[in-house]
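Next up, some structures in structure tokens.
Each of the next two complexes has chain A plus one more chain, namely chain B in the first and chain C in the second.
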Partner chain A sequence: MDSAGFIQKLTDVVGEEFIHTDPVALRTYDCDGLTIYKGIPSAVVLPESTEEVSQIVETCRDYRVPLIARGAGTGLSGGATPLPGGVLIVFTRMNKILELDYVNRLARVQPGVVNLHLSRETLPHGFHYAPDPSSQAACTIGGNAAENSGGAHCLKYGMTTNHIMEMTVVLPTGEVAHLGADGEDTPGLDLRGFFIGSEGTFAVITELTVRLTPNPESVRTMLACFSQVGDACRTVSEVIAAGAVPAAMELMDRYTIEAVETVVQAGYPRDAEAVLLIELDGLPSSIGPLETLIRDISEKNNCSSFRIAQTEEEREGLWMGRKKAFGAFGVIAPTYYCLDGTVPRSKLAQVLEEFDEISARYNLRITNVFHAGDGSLHPNVLFDDRVPGETERAIECGAEVLRACIRAGGVLSGEHGIGIEKIREMKDQFDEPTLEIMERVRDAIDEDGLMNPGKLIPDEENVFPVALGGAVARMGGGMTK
Partner chain B sequence: MATDQKVDFAQVFPEYENPFVGPDAPDREMIQRCIHCGFCGTSCPTFTLLGNEMDSPRGRIYLMRMVTDGEMAPNETVIKHLDRCLDCRACETACPSGVPYGSLIEAAREGLEKIRKRPLSVRIFRRFLFRWLLPNRTLLNLAGVATRLYQTTFLKSVVRGLGLLPRKLAELEPMMPQAPPVSSMRALPPEVAPIGEEKYRVAFFGGCIQSTLFGDVNRAAIRALAANGVRVVFPASQTCCGALQAHAGDREAARILARENIDAIDAGAFDAVILAVSGCGAMLHEYKDLLAEDPVYASRAEAFSDKAMDVTVFLSRIGVREAAHPSSRKIAYHHPCHLFHALKVRKEPLEVLAAIRNVETVPLEESDWCCGSAGSYNLTQTEISMRLLERKMGHVKDSEAPVVCTGNPGCQIQIAFGARERDMDLRVVHPVVLLDEAYEAEGVYRNATLP
Partner chain C sequence: MALKLDSFAQSIEADSGDSVLLSDERAESFKLGGQTPSVVVSPADHEALCRVLARANEAGLAVFPWGGGTSRGTGYAPEKYDVALSLERMSKAVEFLKDDLTAVVEAGMSVEDLDKLTNAEGQTAGLDPPNPGASTVGGTIIADRSGPMRVRWGKARDRVMRMKVALADGETHTYGALVVKNVTGYDMNRLLSGSWGTLAVVTELAIRLYKAPEHIGALAASFPSTDTAFKAARALMASPLMPVWAEVLDDARIASLASDDGIALPGPVSLVASFGDFEEGLNDQLARFEEILKTESGDDILRLDDEQTARLGPALADPPGEDFSGPETLAFRASGRLDQLPRFAEATRRAAEAGSYDFAISAHAGSGVLRCWLAPEDEESSPFEAWRVFSSLCREGRDEAQARSIHLRLDSGPNSLKEQVSVWGEDALESAALQVMRNIKKTYDPEGTLSPGRFVGRL
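Up next, the complex of A and B:
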């Protein structure tokens, strides 16, 4: 390949200032929030418009170079980790809010807009963007759409896919397509839903129209503490079974409480085996009865204390503990590996017991902090990557955790995406015909196999090696949730 | 490029060891604390402006790690991106893992100093500035007087007219703050008695540039303290705090100054060591880390650091005396980075301002964002600094406040320059000065002997 010619073409598109080919610069792009797999791109480009992206994609197609899109690089499944030698399209410059339409409750944004920045802009007008990954202060809406991200409040409000109305995408040919519509229904095939969560294997998103959600009239946040994890899990199941839909219901276990209290002092009791952070929102008149219901169910399940945040400050404190929980693990372990398997709510207690058994077998501690309301787990395998062999052991331990989720009737990934991380386990999740139809769909859209290769759908040709030894900074970590 | 191949430093830099290895190198354990989550990105002004991973805290830590581990030589690219860091430490506020980024970047800069090829003239200038000028009150005042003369007499037009200033200096000249009258540079009195009953006794730390350019702020702080029942002692043998030196990679110079200050101020004998200059405040708090390995000074440094306190923190803790300001004003408060992010002083300056009746603090967008001053950053990275200033001034305009309050001389100089450039009628002032004006107007100082 004429690589000088290729780089020159890309440079012509974005301008010299917005292309990086220096080996040092390229190294800093070799992974996203999952540092266990790495690939060094041949170039990083920072386009500023759909047209530029289209020309980049076309150039890559002409030269048969794989391309990978990246927002903030906070993902946890390796979705933005480049196949070695690929071109990384970074969306940090395409970060403009193009239109805010409060009458139709829509926002038109570029993919590099940071999730929280949109809400910050709309909050004073009575609206917010509902999907709220823990990384919402840093992650981008384009990345959220690619991974179909979740968040604590998705229990009530739905995942990213429920909040995206329309997307402009650049297809593998370089052509620009528009998927979905501003209205509630779209004529024709629902390609919008189809492309969301495809992790950049179908197209590159260059613009999104998202739904704005009215701010709740009132919010109440409470903390229920338990001396048995099982009791906390049963409380979750019973609350949902009783017909209540809290805005969020988060469970944290003893190890998480210990880490959080060491770092941020959120006010979780250190002697509890589990705490449930529950948030209700809506009209004050509807919150009251719900609160009574939840308190009754918690007490029936032996909760040791039940506290309602009295001030906004106290409420923020309770959430701070949850949002910083993953980072806080750095205090109790040198390294951790965060998974996101999801199980039916009724199986929570059983699966957590199974995790204990796996943890004992691998002699690696597994902590749990998760969106209990929708059964979206975040088991974290703690380990020390400097101990020879422990990284591999942690990966195996993680794979077993995921298989336990699948056995319980759950799924591999609740919100982080498959990426590189869980690609091996796809065959545990899906039978042969299902995987095959996925492959055929992908091949039909991406004929040349250049769109984020080696991700999402098992692919024998493009396998990322595990980066070991000195090349491992930290594995997993962070939290797109 | 091979990723797992170690660089042979003996080949790349024949005369040096790996600059990131050794006692003053970035702490590998602390680098390890970074979990690569990327939460810091949006908090980082340079990442936000430039969009490059190498210009984000996470990217910079990655660069440091690669150099430390010998995977990469500290080449021009590494230096460029580490140099672009403001050291504003906003990323520390955002970091969920408690990575002490400030100490990492400062250690890295110190390492880079060892291999940096600076022209002899620059090296001589740096040495003169850091080791001679800043720690020397007399020299610094002389420089202040010279600047004042230059700015207020025919000299300026002559020099400019003849094009005598070197190009770089001529570019930077407009950023120079207005030097105050010589009277403002005079030494502080050794001791000021409290007004009324003595409740506290504190030592006052003046700061070097602060004392020359903002001596009036120091005096306002001392008067306000006295009005709150505080006896203020000014130990005369104190010197420059060493912050600029440490940020620029000369921590040895900073250590020398730290020891001098610890000797000069017997911190244990006072309720606090008070400053009205936040950049120095952060430095005094760091003495304990700076001298942690010093067998003679380690424990004294710790005691010293624990006593250091911003004047607004002290006043807010003791319950600041209220007063009405003579003119009713809206003000916007800009958080100096080292106060907000390094020392986590956030509410206290606002509490002091709240004690001034007639003064209304209005919201300032991104008030915790760096203004681009960042020590000598506005001189070394002028373009990025000016872009940050543009952003800051836009928010100041939007706030519609005719006064910006902020506790750091660097920020004051930068924002005042921004206002001059934009023909804005803006007063930039330390919060304690407004408090002092209110006390003065209410007659609190009547019959007191004050500086």
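Up next, the complex of A and C:
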């Protein structure tokens, strides 16, 4: 292949300033938030418009070079990790809010807009963008759509897919299409819904129209502490069974509490085995009875203390612990591997017990901090990647954790996606015909197989190896410089 | 073809021991786009249904999955119609996991029966197709029939947790799981929801449930015009209140509710919205909605109690009866941003005038969807003229992007009209998007066995 010619064509599209081919610069983009798999792209391009993206896609198709879209690279399943030799399209320059329509409660944005930036803009006008992944201060709305991201407040407000009305996409042919609409009833198959969460394997998103949600009038945040994890889990199940829908309901186990208290002193009792951070929002008249209901259920399940934040400062303190939990794990081990298996909410206590057994078997600590109200787990396998063999052991331990979720009637991923991370376990989740139809539908949309290959659908030939001390891949089809 | 049909019918009869022969009366009840099927098959379970499909597929027959038949007016006439595949015998509850707010049911269960099952435990599926006694859960999902309650519970497709389907060749797939948050692989549930029976036959569904509100109530107010009522509805939607539904009705729709359902709402135009909450929250929401209505110059404010509210909700999902139930009645739908609703209402008025029709309007004022029904005034009524005026006025003066984002659908009308217009509003779709849909259809159903010719782009 004429590599120089290819790079020149890309340069013609975006301009010299917005293409990187220098090996040192490329290394910056060799993975997303899942750092155990890496790949060096042949080029990184930073387009500024749908038209430029379309030309990039066409060029890649002409030269048969794979392409991968990347927002902020905060994803945790390797969705934005480049196939070695592929072209990485980075949306840093496409970060404009194009329209704010408060009358119709909509915002039109480019994919590189940072999630939290949109809410910051709209909050003073009485609205916010509801999906709130933990990385919302950095992650982009385009990336959220590609992964169908969740977040703590999805319990009440739904996932990203519930908040996107329309997307402009560039199809693998380079053609531009609009999926969905400003209104709710659209013709034909729900391609909007089907493309959201497709992890960049169908199309590249270049513009989105999203819903804006009125700000809640009041917010109540409370902390229920337990001396048994099972009691905390039963509280969650019973609150859900009672039909109460808090805005968020997060569970943290004792390892998490210990790490958080060591690092940020959020005020969680160190002697608790688990705490539930519960947030209610809405009209004061509506959340009063809910608060009583949740307190009653917590007390029935032996909660040792129940505290309601009395000031905004206290509320922020309680959330600070939850938000800093992952960083705080550093005091326990140098590295953690965060999974996101999800189970029916009545099975929480059962799977946490299984995690304990798995942890003992692999001699690796597993901590739990998760969106309990959704059954959306975040077991974190703590390990030391400097110890030979421990990374592989952590990965195998993680796979065992995911299989436990599947056995409990759950799934591999509730919000991070499959990417590279869980691609092998897809065969544990789905039978052959179901996996095959996913593959066939993907092939029908992306005939040349150039859209983010090696992700989501298992293929023996296309699996990223674990990168230990550098990016090595045995992928075919990519262009290497 | 007749031979193939005969041998298909014989093999099904041999397999099930049931007759698939049709009486004229029975054939009539499966009529679609003026056509009747040659055979109706009602398998007892998923496995039997897969066998029926595989045989029909092999014989090159066209199969239309059939729930309650309540959406039969929508879509193009079938390209061909050999077999009606009725889900009437597959109507059982499989599993009711009340602690997980999940109901697993066979696709042929009626929405009314699902409501009975879940309401007994104080839960609701929040599905509101027209005629819930006849509409099936499978049909409601596969046609994504979402009514006024979508403001609170989302669209019908949002309710699907897991789906068991049979492909045209009889293969079984299961998508999703009994969890409320799931990004494991492609979202096949969303691909199938709203696919109108063109990709696969859904046989079993796990439906996400919600706690039914402790108390419900509604307020209605009269407005001098649809414009003013829509403005009040926008004020409601911009507030922190959480309506279960919010509907704007014109005088004809108000009259039909009075005569069909015995519910008297104030006119000439009504905005009526319901709320569900604990008692304190409900009273607060109603009081604050009343303030909004007064600020927006709403008059004749009427409070509906819980019984009236519970009766009005499903009635709003139904089409108006009596005056708008004749075979020549047209039903149009327009969907766009909330502030487009007045334009859609005006387009309805002018379309009715141009085509010599009486009309009734009911709009999901919190969702940007307007539905209207047109009954012929006399023999001079022209359905084509009515649709032409409606579709051009809904998009008039819009730039390309805005026009593309307004979607129109002919919910029902005569075949003569359907032959000439874009029934599903696919004229607003780019060819590239339509091509993706065609490619997916071909992947699922390469022989074109399932529901040929009826859906968007005559897939």
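In this section, the second predicted complex is superposed on the first by the 468 of 481 C-alpha atoms of A that agree within 3 Å, B and C clash if a C-alpha of one lies under 4 Å from a C-alpha of the other, contacts with A are read in each partner's own complex, and residues count from 1 in each chain.
By our rule, a residue touches a chain if its C-beta (ideal position, glycine included) is under 8 Å from a C-beta of that chain, and two chains touch if they have at least 3 such contacts.
Worth saying up front: this structure is predicted, and the values here are computed from it rather than measured.
*Asks:* For A:326, is the partner it touches chain B (first), chain C (second), both, or none of the two (neither)?
*Replies:* First partner only.
*Asks:* Check the residue A:200 against both partner chains and state whether it touches chain B (first), chain C (second), both, or neither.
*Replies:* neither
*Asks:* Give one of first, second, both or neither to describe whether A:243 is in contact with chain B, with chain C, with both, or with none.
*Replies:* It touches chain C, and chain B stays clear.
*Asks:* Tell me the contact category for A:90 with respect to chain B and chain C: first, second, both or neither.
*Replies:* first
*Asks:* Regarding the shared-chain residue A:433, is it in contact with chain B (first), chain C (second), both, or neither?
*Replies:* second
*Asks:* In the overlay, answer first, second, both or neither for which of chain B and chain C A:28 touches.
*Replies:* Only chain B is touched by A:28; chain C is not.
*Asks:* Hey, which residues of chain C end up touching chain A in the complex?
*Replies:* 97-102, 122-123, 144, 146, 150, 154-155, 157-158, 167, 171-175, 177-188, 190-191, 193-195, 199, 210-212, 234, 237-242, 277-278, 280-281, 283-285, 333-340, 367-369, 404-407, 409, 424-426, 428-430, 432-434, 436-437, 439-440, 442-444, 455-457
*Asks:* Can you list the residues on chain B that touch chain A in the complex?
*Replies:* By the definition above, chain B touches chain A via 1, 3-4, 32-43, 47, 51-54, 59, 62-63, 65-66, 69, 71-72, 75, 77-78, 81, 94-98.
*Asks:* Which of the residues in chain A come into contact with chain B in the complex?
*Replies:* Those in contact with chain B are residues 20, 22-33, 35, 38, 40, 44, 46, 72-74, 90, 92-93, 95, 114, 116-117, 135, 137-139, 263, 323-324, 326-328, 330-331, 334, 336, 469-471, 473-474, 476-479.
*Asks:* So in the complex, which bits of chain A are touching chain C?
*Replies:* Counting only chain A, the residues touching chain C are 101-106, 126, 147-148, 150, 154, 158-159, 161-162, 166, 171, 173, 175-179, 181-191, 193-194, 196-198, 214-217, 237, 240-245, 282-283, 285-286, 288-290, 342-346, 371, 374-376, 409-418, 422, 426, 429-431, 433-435, 437-438, 440-445, 456-457.
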